[in-house]
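For clarity, chains are labelled A, B, C and D in written order, and residue numbers in each chain start from 1.
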Amino acid sequence: MNDHVRIQLEDFSQDEEISALKSTSKSMGGIGTFLGCARDFSEGREVSQLSFDAYGSMALSEMNKLRREAIAKFGLLDARIVHRIGTVKSGDNIVFIAAGAEHRLAALEACRWMIDELKQRVPIWKKEITPQGDLWVTQHP
Amino acid sequence: MNDHVRIQLEDFSQDEEISALKSTSKSMGGIGTFLGCARDFSEGREVSQLSFDAYGSMALSEMNKLRREAIAKFGLLDARIVHRIGTVKSGDNIVFIAAGAEHRLAALEACRWMIDELKQRVPIWKKEITPQGDLWVTQHP
Amino acid sequence: MINVLFFGPVAERIGKSALSADYRPNMRIHDLNDELAAQYPQAFELVCFTAINGEHIRDMSTILPDNSEVAYMAKFSGG
Amino acid sequence: MINVLFFGPVAERIGKSALSADYRPNMRIHDLNDELAAQYPQAFELVCFTAINGEHIRDMSTILPDNSEVAYMAKFSGG
């Protein structure tokens, strides 16, 4: 739980992540977060579950790089990234990104940058499990 | 706790707010949040506490308008705004904004728009309590 | 009777958070502004926004209804 | 020996998530690509990225060290 960057099967708590993030600095005035969840529909198809596969060691290393780059680029005080793998059902949490800075603009921009970059850089693949069959997602939504 | 928009003395839980937000729709794929916290320094001054005064009825009505406008403008599935009043100490939570949408871009942009608008529109005033005396904040940081 | 409200830095300079002003028919919001600003100049130099019954007022010739709640507000600093 | 890894949609089309390829001195990554793409054309039409020992490789003339871990990866879809 104390690692800033994690890939895990189990769910996470925003309260715990934010509390760990805040503990690194009392100068943190703004925290931006992004939480990605499993939707029940995707392009008209009903989706009951999502299943994630990852190149674990490389994904973790890319997520750590991403965090360090975001801290440098936006002058963050700290940042955290958690991504779940395995199977999640509709409504469940998938990914959590938090960026803490002295002021809100850096925190919010960093948060958006990190989720955009994560989707492009981190070797994780998503399969939609639908009543009509399973489908690996190959485009960025 | 179930109100989407609140002004309150007590702290709040991100997990509870996000869970309430998510309960409104299973189509929510992205949730952007902003958490504002009390910093220990402001423009070189050590700040031990912040004290908030509000025009309660108008602030609540402006926050409700802001939420409805954000939902319409960004096509959100739901949004929540919580602002604390009274006295908070360095490191404590002040304001929480959450925007949930089908896709991440709308959620993240709405979240940023709401905190920018809140600061300009909602009648709440902040006083910094420092070892050198108290100071009402009159500019937007 | 007009109920006048002050908050934060304005209330601090006035020394109170509310006062009552006499109602006169056809009274405009700028009449009340002028009277109070003359009485509390240091507080009114902070005032940026005026609300009647919780609604922002930009047209200072707006006629004040009896029993209005008027708020004189400094620049906001919430969040 | 080269340890070749597949994930997600590529692994599904190949029918396994790893295989071993023989190491030859001065072997380049494009040599391995060509061999495997000929053997698994349907899987390799999805491949967008190649990594050696967890690092993205763009130069396909890169020489493969012995005992490398090579990953052939479809477009990512995490988050």
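Just so it is clear, contacts are C-beta pairs under 8 Å (C-beta built on N, C-alpha and C of every residue); 3 or more make two chains touch, one makes a residue touch a chain.
Just so it is clear, the structure is predicted and the values come from calculations on it, not from any experiment.
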*Based on CA centres, what chain would you say lies at the far end from chain A?*
C
*What whole-number Å value describes the gap between the mean CA coordinates of chain A and chain B?*
22
*If you average the CA atoms of chain A and of chain C, how many Å lie between those two points?*
48
*Centre distance in Å when chain A and chain D are each reduced to the mean of their C-alpha atoms*: 26
*What whole-number Å value describes the gap between the mean CA coordinates of chain C and chain D?*
72
*Counting only residues that touch at least 2 other chains, which ones in chain A make the list?*
36, 115
*Got the chain D residues that touch at least 2 other chains?*
79
*All pairs of touching chains, please: list them by chain label.*
A-B, A-D, B-C
*What residues on chain D touch chain A, complex-wise?*
5, 7-9, 11-12, 46, 49, 51, 54, 71, 73-79
*Sort out for me which residues of chain A touch chain D in the complex.*
36, 52-55, 57-59, 61, 83, 94-95, 115, 118-127, 136-140
*What does chain B use to touch chain A in their complex?*
13-15, 18, 22, 26-41, 90-91, 102-104, 107-108, 111-112, 115, 141
